[in-house]
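Presented sequentially are two complexes of chain A, the first with chain B as partner and the second with chain C.
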Partner chain A sequence: MSTARIMRLRGLVRKEAWQILRDPSSIAIAFVMPVILLLIFGYGVSLDAKRVPLALVCENPNHDTASFTAGFFQSPYFVPVRFGTVQEAEKAMRAREVDGIVWLRSDFSRQMLSEGDAPIGLLVNGVDANNARIIEGYLQQVWAVWLAKFEAAQGLPLRIPVQVDARVWFNPSVTSTDFLVPGLIAVIMTLTGALLTAMVVAREWERGTMEALLVTPASIHEIILSKLLPYFVLGMGGMGLSVAMAVWLFGVPLRGSLWLLLASSSAFLLCALGMGLLISVVSKNQFVAGQIAIIVTFLPAFILSGFVFDIRSMPAAIQLITHIVAARYFVTILQTLFLAGNVWRVILPNILALVIMAGIFLGLARRASHKSLE
Partner chain B sequence: MLHQVFALVIKELLAVLKDVKSRMVLIGPPVIQLVVFGYAATYDLNHVPFAVYNEDRSQPSRDLVARFAEAPAFEQVAVIHSDVDVAPLIDERKALMVLHIDRRFSRDLLRGVPGHVQLIVDGRNSNTALLVMGYANTIVTDFNTWWAARQGGNKPPATLDIRSRFNENLESQWFIVPGIVALLTQVVTLLVTALSVAREREAGTFDQLLVTPMRPIDILLGKSIPGLLIGSVEATFIITAGVLWFGVPLRGGLVPLYLGLFLFLLSVIGIGLMISSLSVTQQQALLGTFLFMVPSIILSGFATPIANMPPLIQDITYLNPMRYFLIIVRGVFLEGTSTSSLMPQYWPMMLIGIATLAMAGWLFRRRLY
Partner chain C sequence: MPADTRKSIDPALELNSVTKRFHTKGRTVHALDGVSIAARRGIVTGLIGPDGAGKTTLMRLVAGLLTPDQGTISVLGIDAVSQPQRVQSIVGYMPQRFGLYEDLSVKENLDLYADLHAVQQADRGAHYSDLMRMTGLAPFMRRLAGKLSGGMKQKLGLACSLVGAPPLLLLDEPTVGVDPVSRRELWAIIHRLVAERSATVLLSTAYLDEAERCNEVILLHEGRLLGQDEPAAFTRRLAGRSFHVFASHLSKRALQERVSQAPGVLDAIIQGSRVRVVTEQAVTPTAEQLTGGAAPDAQITPVAARFEDSFVTLLKGAVNVPEAARAAPAFTAAAPSYRPSEDVIVVRNLSRRFGDFYAVRDVNFTVSRGEVFGLLGANGAGKSTTFRMLCGLLPASEGTLRVAGVDLRSAAAQARTHVGYMAQKFSLYGDLSVVENLRFFSSAYRLKGAHQRERVEWALTEFELGPFADATSRDLPLGFKQRLALAVALMHQPDILFLDEPTSGVDPLGRREFWRRINGLAESGITIMVTTHFMEEAEYCDRLVIMAQGRILAQGTSEEMRERFRSDDLPNPTMEDAFVALITAAENQQVRSAA
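== the complex of A and B ==
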């Protein structure tokens, strides 16, 4: 009995493998898509504001204003442009030519020397709120450096009572690539896994070849397994390529163990394939399967997984919803494995969640396919 | 001629809206996604879990800790007493930041030497780490001002007076919700158009359509108008919800907004129909849709600024209609930008729309299998 099962399974797997090899689109989805997407996004997605165009308005240029503005010319974060009046600078900001304005009024140095507290006007374009906040942080740094220099030059005691010394663990230079690339792998694998199975099985339902398979002695388990296995191998291939690119092309450190990465990727891929299978079994038609796949895979993986938007910043109700997004667990695992290492108490619960989700998706897909036999 | 186009439009709309599943796909998810994403997509920090490691335990250090604990951005989750406790808290993501106050802190402070405060921040999410440091710096700066005033010291020679334009409180939602108008409108419009020709090709009904007296331009119109209608309804719904539900100010006029929407829909429909008529099977059409949609969203400036991208990728974004429409929606919503100053955004979308629609119409007849 069991040898017959293995033979049947082997036959089915061989059939699926041939089908994949003859249809280049599956191979394109598994290998070409991850590489292209990772290439574009790895370079394209960045939260590091560099060379921010900044308008400098000195109404009365002199030694004091020059000492302050010099900081902007030395900073790698800013590209300062001089403007004569604030009106001109604001016009440039509206035209998106500059992201911020530094305004030193005509009485700047007089006020600075007589009573202190001379206001330095800073105007930031707040449309992109996150970017604006990052720019404000850079501006504060320039100001703090200038203050320290100024006081040292005057031979005054430093008037900064408390100094902050910040250390960022796992990513000391705070480069967003190290944080975004592991998350991107999760987003890309969600697409790959679900796309691989979603369309294929739906097509078989549409053409009636699925019914033909169902009347063979092969059990529903064997049919599902034979569909999963070849795509699993393909998907793991794509995953391997993505990890290799992350490490060697983007220079993201991989501090955790490769085995743990392999284990968690398998769990995640089963989840993604199971989701695709469920979509195709439920919709039974490619048009709807395609639409559902677009809606439930990419956008949730992009927005609700913690890939860019930190889940801890979301309202409690939304945080609850993120638990049904498989990518969420995988993003956490990948960010930790890549940057922090084998932190078992983070990785184990997340792998467990992935295994449970994979079980649910596959179980539902199995049940749904059984019903249609009747 | 006109009533033929009209009949085709009706047929297309029925094809999409008649099927219960397909109708659900168009109406349900966008509404849910608007609400979920509108709240989820935020860069604002609230209740950042942090731990206190205070070796000093004097009044000034407690004052400083209290400022952190009371700030809405932070939430104290643990108090630790030794160096070895730091690593597990950060590694296991229980705390995002550890505030470490040196044992000489108050002594230094009272002597007039800078007191040292160390922040240990989890850098796995670099953006959160940057923001946490920014918030922490603000709290310490406030503390410094208060301390200096109390000690009767001199005022610093110059202070920063930071203001932001257009989004005064720097709320993420004001940036994201207008972005969602572009995001969901593009997704829904693509869904309606991108599979439409491929599906008929696979079923063989497209050949029948081609042998009717309808010209390719009529077929093109018939296939485009449903997307235009559904996309406009979708966008209007999101714009209304953005203003009424999320409270994002709509400072500009409806004319620049809807002119942008029309041109955006035109270009998205053109791209969708082009993908659809290039593909032989629905699977290929779906793959093509994904291969266009995913990069177009990630490289649009929706979540990460285009200015941060390397020059080559910035050049690629000029081909992306969503890039222009995002500038239009955010401009009209927050800056109240007028039609004339949005011209540089309008014409590229128009060019993309005309080129792709023409291409799709040409492909209708050329690609016959």
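== the complex of A and C ==
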């Protein structure tokens, strides 16, 4: 590199740094946005059913029913409410005051140990299918546990032939936060990375400074590089902040190595910055660039990255589309690094995919920018 | 110097039959159509023409930012079409909207361009101080560019494009939107640059009065070359063809109407209380010839030709002048509904505060029926604030405001029904057709049924918009957009018409046509109030006030103001001379009172 080249690049990078320091908008995108999104999603989005309002109907309260329902009162998952009749409970469910009804019929004690009809009626509000399934699962477990205890206490032989002994891997406490937060970081970084470059380059076009910049000795490579370098540093700062929040605020374990995290984040950030560059070169307007960045990066990253919705359960055509969503690879990498560790077999191909995609986006952005206005 | 020998001297810039077309939404616009020009080294070449002439396209072609569809471009011996980067590396370029980095200081902006042009650190000190001496920016090195005034920003933009010490400087409308004082300073810098560094400058402008400041002028209109020569050569051709006509018992507008229809008259415009005439032949016409017997005692005095005279003459020869621009149909506006007193607008001790800051301070004036009244001032002088208060859009902090006999403080809504407003920018709905815009705005003024249809019909006929009735407003030519905007402002038959910078950027023929309509309105009794920073427009006004920093500096006719500054140095002061003198005097007084 010639000295003139270095001088030009240094001048451009320094200019960008001054702008970052004086204009709070890029700092807001890099640091404030991830914090806010992590707080909102980290605390707001949870796939655990907790404190579900549950109606308890005991038609004939006695020692047995009391010992059974006591389980619900101790569980962190339910907020039980007692109702005298099942009709009243149904009314409450229609009013969405409760999400489920546990109905212990009058012959609960007698039926309990005999074959045939189940002594417990369970009604679950199926509007939220996910919630319904979770409540059902919990209830079955509570029932099974109680039954086992009851029979043991009665000195009866265990009558349940097969007992499910479930062991959850990677996330033993089954807290969905541990699983969601790493994916969330990937989604947030897609948005931050793309917005950073999309907005700043579009701003140069909008304010007319780009036109002045084009008629200087600076080459298009230097101009692009001067946009990438400072915002790469800024984006990595935001990434670091997000990881710190994940570990220290949400208590997500980080089992993989920091170096691998750094390498994969770099590859992903280049990908996102490249997308942003491409968007801004095409739109040349801050408002449009912002809109496009949200639509083409954030939404696919949210829906098609496997962050919430498992890619394997998507139709084949949609699965195919997920391959062009960069966040998909990063979600896998982050979930692996956080919950499992350095599983090279999983991480390497995903990093490779990110590097290829970064190359494609940056190459496209380079091809789309000319030192001309046409 | 004849054109042939000029071309033989190695020019800094040469364009040969350059054509550039743009395609938008199925339409093709010929931004430049077979233009061949050359710019000599070491002088200022002015690229002059109204909006849409192709000035910016030409600048961008020269800067290698656009590629021509046909033709060759040579910049300092480099082929700009095949080697744009080489051109971009050596020229200095200041685009029209020179966006400085507003969150960078003056010095940081300069540093950036010094880095880009690889100016060695050791050379910067001397280089900067030279630039600062030229531009007068030295005291502001640490100030953020965004906190500079409009004129200073422009100077900083110029300084940035000079950092690389370019042999050729391309300046795209550097003086647009800059107040007259700063405009003069910018020109002084450019001339010093040429003298001290023997730089070559190509500068574009829409202000015709700047032509005389260039060594050579290239006239463009709608993508075509109208001529290239020294500015004096343009006016020389018109020697003996410009006159002032004054008739004591005929109003200036009636006189203009008469004179413009006289045979052999190319151009007739109002200038103060007189009418300026350009004739086809270099023979002094008689009063009889000019006024057709209406004013046999009219005084006719020869005056020096202006650049605008030659531009209009060339334009009329080059383009098919629409009938409307020549013949003046009698304007039929409905008689105003409000009659009682003669003073239609009364402003007393008007002030407007924003926090501690007085945008308008203690302003007094009255405007009579049928008068064309001007509000002249640079950006930030308080024109727009005054205007908004008169339109009832902004309450006054102090003072009284009466418009059409209605006190604006108590009945702003009622006053607004008497007022028509035409905004500076095209503020109609671009996606609607001409008729849809007329219908919408007339219904906004509660016109309906037969009356509305009648008014829409009136607007289409009166403004000759009939053939464009169903055209999308956005695609109309500038002149027609302006007509539509004026028609919309008149739909509800207001007594008072407010015009905000009505003809900035419009070509001289369009401006003439516009003012012909305005004069017709004034004759029919409608009061016209105009704000402008365009000195030429001031000449069309009966009376005007000059504002600066929220105060009125002077009030009267344009002739009275020019007369005040007549001296041996300035035997024929222009409106701009008067303006600059007033502003400078006011600033000096301020400095004295502060000291």
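Note that in this section the second predicted complex is superposed on the first by the 359 of 374 C-alpha atoms of A that agree within 3 Å, B and C clash if a C-alpha of one lies under 4 Å from a C-alpha of the other, contacts with A are read in each partner's own complex, and residues count from 1 in each chain.
Keep this in mind: contacts are C-beta pairs under 8 Å (C-beta built on N, C-alpha and C of every residue); 3 or more make two chains touch, one makes a residue touch a chain.
All values derive from a computational prediction rather than experimental measurement.
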Check whether A:V325 is in contact with chain B, with chain C, with both or with neither, and answer first, second, both or neither.
neither
Does the superposition put A:R207 against chain B (first), chain C (second), both, or neither?
second
Scan A:V288 for contacts with chain B and chain C and give back first, second, both or neither.
first
Is A:T3 touching the first partner chain B, the second partner chain C, both, or neither of them?
second
Now for A:M93: first (chain B), second (chain C), both, or neither, which partner does it touch?
first
Determine, under the contact definition given at the top, whether A:S25 touches first (chain B), second (chain C), both, or neither.
first
Where on chain A do the contacts from chain B and from chain C line up?
none
Footprint of chain A on chain C - complex, ascending
60, 63-67, 84-85, 88-89, 91, 93-104, 108, 111-118, 144, 160-161, 164, 170
List of chain A residues in touch with chain B within their complex:
25, 28-29, 33, 36-37, 40-41, 43-50, 52, 68, 93-96, 99, 108, 112-113, 115-134, 136-137, 139-140, 143, 147, 150-151, 156-172, 174-176, 178-179, 191, 195, 199-200, 203, 283, 286-288, 290-296, 298-299, 302-304, 306, 308-310, 312-315, 317-318, 321-322, 332, 335-336, 339-341, 343, 345-346
Residue positions on chain A within touch of chain C in the complex are 3-4, 7-8, 10-12, 14-15, 18-19, 22-23, 204, 206-209, 211-219, 371-374
Can you check the complex and tell me which residues of chain B touch chain A?
19, 21-22, 25-26, 29, 33, 36-37, 39-49, 64, 90-93, 96, 109, 112, 114-131, 133-134, 136-137, 140-141, 143-144, 147-148, 151, 153-168, 170-172, 174-175, 183, 187, 190-191, 195, 199, 282-287, 289-291, 293-295, 297-299, 303-305, 307-310, 313, 316, 327, 330-331, 334-335, 337, 341
